[in-house]
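Okay, so chain A shows up in both of these, paired with chain B first and chain C after.
And then the complex of A and B:
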């Protein structure tokens, strides 16, 4: 591991509360992540894990609470300050989110064109370097539609790391991939952390992947943190909801008849 | 980022100090390409570089390629472990000639 146990915290979430309309999505979330640490966020569907990740990417507005990235509270930053912060953050979206009208190389250099005035030759070399890192050397002139699912995810990762960000956020990086490709992607995430000292937050529901890469795991349930711990601590937890998640058991709550009827009628 | 260029034993020694990052790499690139244009062998001393990012490394790659075209040699000197990890990640440690000391670079050629 890296994630020096005495290292400084580069991500600090305090008392984060979020609503979508009347619905509370995140309930007083507190989380701190150290430099060089790989934190995996897990939880069932609707647990709030993607919402939490979007908050860390400064893509969501919190109802209350604070989110400090590299010492700056992103809930308080103005647009210019947020723009500067974006250079320090890499994001690999679920599905890749590459622009279909641009080549792989153009997609990868997009953040550089947005945030820097580097010479085109330098940007092209950087793109090829990152493609080497993700084992897609020579693919820069292909269109995204010509790549397989695993290749798209790796290309998205190459784009996410093009600015050598201090913080890397990955949403379901290995979802839908076969085990071999998924394992290779996990190795890549570990290599990135080790070589570039990145702090990496990964949202995933792939248990094998989570256990391979995580220094610590945060388990979310119904918008609240159930536990934060090492892989072993989470595996050995005696919390029934955590064990259900690990054993892929879905709890079906007994509905309140009135609420259920209202839900079916679309009144909630 | 600070830089200095001097001549030693017929080679141009380009030294950088501080961080060669997105903000400073355009200047580093200008210095490197300027040195390579002189068609002399070039040694880039990175011993005082606390951080070099991919844009800095890409500038080194571009200068290296230019020096090859010009028929000159191009070597790196005193690459610190953090920078070496960045080079290794992109397998560039196999591309560049890396000397552990300036004396080695000056004496052994590159």
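And then the complex of A and C:
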């Protein structure tokens, strides 16, 4: 467990509302995350957890509300200020999202090549160091297509931490991996937080993984926050929807028969 | 069986007419949006090319060089083959057509003018649109779907600056160069066919070419390649960024970029020639 309970908030989401067309995706979301904390965002499919993460990464425009990262409201930043802010965050995407035309090493040094004047030798050394951290030493000359799913995610983590960011966002880091690799990735995330004093936000639907790494858990349901609490608080919650999520119960709402028939006939 | 009454048909007709109108409206707004996207990509690319260094988003020379290698150097064999074919074909057609007037010697001037003002730029642009435009659209489309474009954004790298601007610069340098190459190869092929057929020398062929084309003709041919370069790049980038769906979507935008790029080249050529010859 880490994250100073009295530490400053480095991520502050206030009254965040998002629509895709007429559909409301996030409903007045409020969330604050302290420095050095690992916050896991959980929820069923379509609960809005990935949308919330994309807002934190400034990849989506909110309908209303504010998102402060390290004290700056990213909804108010201009394009250049936003790119400067992006250099302080690292992101590990679900599928890795390594550039397929570059080697693993080139992928990892890409942020350095684009934003610094470092010598290539220095960048190569830094890339090897980060690859060591994620247990991928010696893989820098391989192409992303030559890596397994678990290796891709670790290489993506290495790229995400190459600039030693203050904030790290991970989208489904253990999805689709076998339990051993998944557990190793969880250990890696914990190690990164402890060694580099990062604040880490992880979106996952893997309960074991969430309970292993989380300092606090945010449970989203239908675009709204159901609860924010420690692992024990979430596990012991008496909220029926949270218990359904934890017990992997899938709720099927019985439709109104007339509405159902109209939908089948294509009238709605 | 009783015929359906006209009163029961009219709501159907009205609803079908409304659906058609709705589809027409959507397709029109989609096209306007596409032109808007293309214009904004062009303006943004130009902005990064000229202001990138000041805004700490540099369009890097090595990216431009890599694009030039792909668009230009690797296209030389196919452009050479097609240019040879064009040179031979125009010469054969020209001699056959002019023979009936006893003016087959005029074929050299005709081929020189045709190749310099029209065939060289047009054929080169069509090949590049098919080869490199499709490649750019597919690359951007695949990168969008696999979240590589999102990854660039969160690394503080503007995707237009990183992906589109280098291609635009490379295309603006390479397309006129390839066109010059195409013109030279077509004329060489024409010389190989024409000189023995009409009984003239290579030196006389070169003299006749020099006498037939002016720097204005060359400028006409090369100026429009700059327009083609912008259109090919922007159509491809616009198609690539508007990808939807998975692999099927990438295939669709690749096809659309070839069709759109070639159409844009041919239509803009028509407008350019009209403007240059009528005003």
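As a convention for this text, the second predicted complex is superposed on the first by the 255 of 268 C-alpha atoms of A that agree within 3 Å, B and C clash if a C-alpha of one lies under 4 Å from a C-alpha of the other, contacts with A are read in each partner's own complex, and residues count from 1 in each chain.
Here, contacts are C-beta pairs under 8 Å (C-beta built on N, C-alpha and C of every residue); 3 or more make two chains touch, one makes a residue touch a chain.
Bear in mind that the values here come from a model prediction, so they are computed numbers and not experimental data.
Student: Putting chain B and chain C on the same copy of chain A, do they fit or clash?
Tutor: When both complexes are placed onto chain A, chain B and chain C end up side by side without any clash.
Student: So, A:87: does it touch chain B (first), chain C (second), both, or neither?
Tutor: A:87 contacts both chain B and chain C.
Student: For A:111 in the superposed arrangement: first (chain B), second (chain C), both or neither?
Tutor: second
Student: Which partner does A:12 contact after superposing on A: first (chain B), second (chain C), both, neither?
Tutor: The answer is neither, since A:12 touches no partner chain.
Student: A:194 contacts which: chain B (first), chain C (second), both, neither?
Tutor: First partner only.
Student: Give me, in Å and rounded to a whole number, the least C-alpha distance separating chain B from chain C in the superposition.
Tutor: 13
Student: Enumerate the residues of chain A that count as touching chain B in its complex and touching chain C in the other.
Tutor: Residues common to the chain A contacts of chain C and of chain B are 87, 115, listed in rising order.
Student: Which positions of chain C touch chain A when the two form their complex?
Tutor: The contact residues of chain C facing chain A are 55-57, 139, 142-143, 146-148, 150-158, 162.
Student: Considering the complex alone, what residue numbers of chain B touch chain A?
Tutor: Answer in residue numbers: 21-22, 25-26, 29, 53-55, 57-59, 61-62, 82, 85-86, 88-92.
Student: Chain C touches which residues of chain A in the complex?
Tutor: The touching residues are 57-59, 79-80, 83-87, 89, 91, 93-95, 97-101, 110-111, 114-115, 159, 169.
Student: Quick check on the complex: what are the chain A residues that touch chain B?
Tutor: So the residues of chain A touching chain B come out as 87, 115-119, 121-123, 125-126, 129-130, 132-133, 162-164, 191-192, 194-197.
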